[in-house]
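Here subunit A shows up in two complexes: once beside subunit B, once beside subunit C.
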Partner chain A sequence: MKYLFLVLENIRRNKTRSILTGLVTMVMVLVVTLVFTVLTALDKSMVEKQSNLKAIVTEKWQIPSMMPYSYASALSEGGAAPDDPDAARPEDYMSWGFFVGSTEENPAKRSFENLFFSFIMEPEKARTMLDEVDGLSDEEALPLTTAIQRMKDVPNGVIVGQERLDKMKKRVGDRITVFGRNYRDMNLELEIVGTFPREPARYADSSVISRDYFNRQLDAYQQSHNNKPHPMAEKTLGLVWLRLKDRKAFNKVSGQILASPSFTNPPVKIETSSTGIGGFLEAWRDIIWGVRWLMAPACLLTLSLVISNAISISVRERQLEFAVMKVLGFRPNQILMLVLAEALLIGTVSGLLSAGLTYLVVNGMGGLPFRIAFFPKFAVPLDALWWGAGMGALTAYMGSVGPARRARSVKVAEVFARVT
Partner chain B sequence: MLLLTPFAAAPWALSTDSPILLGAVSFVALLLLVIIFIGKVPLSYNLMNLRVRWMTTLMTAGAFTLVVWVQTFMLAFVNGMYAMTDSTGQPGNILILSEGSTDETFSNLGFADATDLETQEGVLKVDGKALVSRETYLNVVQPIPDPKPGRPMRRFLQVRGVDEPSLSAQVHGMKLQAGSEWFTDAGVREVGKTGETAIEVVLGDGIARDLGADRKRDVLALAKNNSRLDVGEMFDVGGRQWVVTGVMEPTGSLYDSEIWTKQSQIGALFGKPNYTTFAVRADPDFRKDQRESFLESRRQKAEEAYRKALAEREADPTLPKPTLEVIKRPTSDDAWGAELLRDYFANEYTKSRFSPQVETTFFSAMTATNLQFLIAILFLCFIMSLGGVFGVMNTMFAAITQRTKDIGVMRLLGYKRWQILVSFLFESVMLAILGGLVGCALGSLVDGYTASSVVSGGPGGGKFIVLRMTVDFSTLAMGMLLAVVMGFLGGLIPSLSAMRLTALEALR
Partner chain C sequence: MSNAEKCVEVRNVHKSFRRGSEVVDVLNGLNLEVAEREFVSLMGPSGSGKTTLLNLIAGLDQPSEGDVIVRGEHISKMTESQLATWRTRTIGFVFQFYNLLPVLTAYRNVELPLLLLPLSASERKRQVTTALDIVGLSDRLHHRPGQLSGGQQQRVGIARAIVTDPALIVADEPTGALDFKSADEILNLLGELRNTLNKTIIIVTHDPRAAARADREVHLDKGQLVTTAQG
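Presenting the complex of A and B:
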């Protein structure tokens, strides 16, 4: 305990230096925390799960994937032959198409602000199959389940994320006309029946319209155009998600789908969702590498240098004090530990404080707004608290071990010989 | 020469004749003049202290080095992205997509659209042939051969199918490297003895390097060119073999990341028989007599739209603040031709509904991702620089505490307070300049390295690119500016505290 008081007293003695060292630690830990918030979320999304995994079926050779909707039924069964009792079948499925349009009628005035992007899917699957939504409790998912129920009575209903609602200046209950961009000459008259829960934030800008309703609109188009189908009529299926029990089921379903003659024009590929996401993130490979292996270590090294500088100056100033402590009976290693402890205390506390504030502030704002691929925002994980403390402690140790060793080797006779 | 070449690509670009840069340099030079010759600031004392306390000097400068190095490296990446989007496109070209399309991937144009378009007056004709490149643009998925464990198994390739490659090259200003040739009319050739055919392709320089990295050691040992795929080499895409007939000269544009091939081959292979894009070279003399009236009319429309938006905002204050569209005067006949032709297709041409854009504007608009990265990098560098500021502040406070007696003696010798202030500020800034110079030098080592990224103008669409990291004069100037600002801010408060010491207090 006396030792701790000694450490605290030494820290208190030069408040300016201690505060400045603490501030540098907080600032650098903030940078690394933000960087690793993004990196760990991306890494997590690419970890291959061994059970309860999701597979994605898409067009084999092109993006955007555009398959005929007729594929959906057979894919939802995992490509299994109907009379095959040994076939593996998915536990659940979800099909996605994409409708991109604008709420602005005049093509010259269309912009990102009036852009409307919607999933075309089975509405009930939004609750059971959308990533992160499927993990919500019934209470947390209540806005969505209410909206899904409502869509049963309102076939032209649309569920819109809150951020998109705010941008469009609309509310639940309003009606909108969406002028198609990827489906030319198809305009949808929709009624906003509900919204996504606030968390997870990734769907805040998304919308969902019913697949049945969309198919009926395609039929209506055909009827009004001399029975000529829409040019995109056979390309409305973007991808199919399959929930599978484990890797064994994935391998079996893969084999079934790839061997099936039903999916040859166009051919399809199946991969786990983590592999699919990894493919898209490959474009960001170099910047991710640079940030992970250059920027983050540079921050920590800078912090170590600054701490080393500060502790070196402190040790230089306290040579007489260390000499007196040796005379009083302190052993060299105790002096080493004293210096290390001062640095570690400042580093650990500052790091923890920085990470804690980052966690509260960034998550309070709804997450770090930095769009990469399908990730619009990143939430700081609770693990950041121990990252912060750990980084602060590690850099403090690295920066102070040299000066602490010099403090340990202070020679009493030399110091007193200099004192006049 | 890297350091002397001004390169105005990114938003922070400074050319050598930039008034900001000239002003800053002049100010610093004047300040040094005053300090050295008029101010009688004890500079030699500061320089001696930097030398004597070399360990502290090295560690403080080292922190600056790291911050400036990180900024230079990250800005080089973003600079490469801006350079790519800004240098893509010919000023005299317009790109025609189907109505409502903002990206080539979602565009759908018919054969008849092209035939009629080529007869329009504003389209440049050479030897009776309209300079219109009919194209089908695709993003193709390629399984990566022998992917490393933990790495993705697929990549996305930008493939452009064209009808007449030499015509398309003329429109886009692309040239083949020596030893290369365009693909044949058929677009395929026989390879091997079993009559198997391969699709003929021409590669952009950037994608040729990326694909070249897939080659195994034994193939590489026999390759003509170790750094990229070359003529005669093959790779697999879409279940077919593709053979390289040529590699295009690097232009620093997005086309360096593309694979060109015969439209009839890939249209059939990937189920996209229609065109996505017409690249049209405008006649530079198109409606020459109407230039001024066109410009005036655009300005009036822009002002009208702005006034209308202002009135709407007054009625509904929640609407975003409107901005007046700046109508730039085209700077060349090619650019005039393109603007007037674009306007014609957008407002007067009624046979088909197109979405025409001047090619340079189309690609310049793909800076949404660039801007996002730039903001993120600047934000992170700003926070890191705060760390640098606190670090040097710590060092300078310690230095002043240790040299209090020196300050007292200097006051007794007649140095004024402001001279003490400038003296310690100078020391702090010198530390920063030293660290900044080394940081810039280290950061400049990344110049020329290639990296992959994606550019897009917003949600939906986007192009996967191979860019060249670019460290130019502006990037280095930003690095030095950051270092000097950090040094100045970090040294200011300690220097002010040194300034306030009286001789008596200092010597007590």
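Presenting the complex of A and C:
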């Protein structure tokens, strides 16, 4: 610690250079932190859980999956025969259909701002089965549970994420008409009964309508069209989520569903949610690989070169001072450590500052808006703080080790080379 | 001179430098003895090897041949790290151009060599203030080198040289960058260090007036000791 003042004074020596080095470090750490935020969230979602895992049942040969709703009841039982006491059954389930429409009637005026995307599902499952919502405390989930309760009294109720509400310039209590796009000629008259909690941010742009309400709308369509069902009526089940106790239960339920004659037309497949998400992300595989292994390392390499350049200039300017310090008795390794400490201090503090600001600003805005798979936004994890400090320190070390070694090997007699 | 009285002993020292393909012999079998508490000035024309000899005595360079013994220690056999530690405890070095660290205050500059010793902060403070008091700069503790005159900077340089209480002070043209008055004050100060603190002092100088302040003038030419005279 007694050398700290020496390190600090040397950093203060050329404030402009130190600030610029710090700023470059901050920018690079910002970029890499954002990249890691997305990659870590994706990695995490693809990690296979061994217990309390979720499985997804979808149509086997078609994307997007469009199964008949008649599958839902049997799938919610894990394909178990009703009279089989030994069959494995899910602990919970959720069915998803997707209704895509617009609050704008005129097709020419439809845009992202008036787009309406909704899960058709059992409203109460939004609390128990939606990823991340299922982990919220009762207090955190209060806005959602209140809205779900309200939907029991308001069959045409809709729960809308805050961001979507803001885009539509609507509030809770407003009524909206949604003009169907994937369900042509189906227009839904909905009442906004509530919103999702602010966190997790991934549902901020989504909404939930009741499966029962939607089925009644399909019936109404049929009645108003000479008893002719909607062309999509037998394709309203996108996927079914099952919560399973452990891997063993998954294997058993998987066997039951795949062996069941009830799910052969169309055939279905079952996979863990992590595998499902992994499969979904296959489309982005090359981009993710490039970002992880090319872009992030390139940023770190660029940063270490910038630091190396700054420290090299500083070391070149201070040859005489290092020689004087050696005359005073500083050992070569002490001089090396001093130069390294200057770079490490700038790198670590800048990295920590950058990651801290990124954490506060990005999460303050509700997350990083980067649409990929089911993730509209990514929250910067708290771990980013040590990523930032670590990246700053690592790149500072990489960039300064060369110049520090040159400072270490300064030859006193050569610096004072005056033969008299 | 008995061994107990010898502070510095230079025995048959050769030093050569390589300049490209050419080998330049700077010192050619030089012998010199300096007694404890002696004030010696090294004089000679440019290229005579004065500074090279001073660097060898201060352990900043190694002889190509021969031996340098300071207070009984064969410093020409020490490693770079051993020399560094030895210098902190044994040598105080005064430079012609002061070579203070411009980012540090006078206090911090003087404290610098003490950081290398196992001293507490309060011990360091006591030694720094004593050293600055000796050179008459106790009112300039928090001034940076840029805020001090040349003479004051050289005084800080001397305070830095004596702060670890070394036995030997070597100075390379300590008055070379100073005006007449400041130079005189510095020479007086060096004399006082010898008289009151019993330091051995070796200075390199071109200035006959400075050399005359020493107990003994040693003249070098072409890497050899040519004359030695009492001051």
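Criterion: the second predicted complex is superposed on the first by the 416 of 420 C-alpha atoms of A that agree within 3 Å, B and C clash if a C-alpha of one lies under 4 Å from a C-alpha of the other, contacts with A are read in each partner's own complex, and residues count from 1 in each chain.
One rule holds for everything that comes next: contacts are C-beta pairs under 8 Å (C-beta built on N, C-alpha and C of every residue); 3 or more make two chains touch, one makes a residue touch a chain.
The structure displayed is predicted, hence computed values, not measured ones.
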First (subunit B), second (subunit C), both or neither touched by A:Arg164: neither
Residue contacts on subunit A - larger count, subunit B or subunit C: B
Contacts of A:Thr302 with subunit B and subunit C, given as first, second, both or neither: first
Which of subunit B and subunit C A:Arg202 touches, first, second, both or neither: neither
Partner chain(s) touched by A:Arg12 [first = subunit B, second = subunit C, both, neither]: second
Partner chain in contact with A:Pro107 - subunit B first, subunit C second, else both or neither: first
Subunit C contact footprint on subunit A (complex, rising order): 2-3, 5-6, 9-10, 12-13, 320-321, 324-334, 412-413, 416, 418-420
Complex contact set, residues of subunit B against subunit A: 55-56, 59-60, 62-63, 66-67, 69-70, 73-74, 77, 98-102, 105-106, 108, 138-141, 151-156, 237-239, 269-272, 318, 320, 346, 355, 372-373, 376, 380, 383-384, 386-388, 390-391, 393-395, 397-398, 401-402, 451-454, 458-460, 464
Residue ranges of subunit A touching subunit B (in the complex, touch as defined): 16-17, 20-21, 23-24, 27-28, 30-31, 34-35, 60-64, 100, 102, 107-108, 110, 112-113, 115, 117, 169, 179-182, 184, 231, 265-267, 269, 271, 275, 278-279, 281-287, 290, 294-295, 298-299, 301-303, 305-306, 308-310, 312-313, 317, 370-371
Touching residues (chain side subunit C, partner subunit A) in the complex: 17, 24, 26, 44, 46-52, 55, 58, 60-61, 80-81, 84-85, 87-89, 93, 95, 99, 101-104, 108, 112-113, 115-116, 121, 160, 172, 204, 206
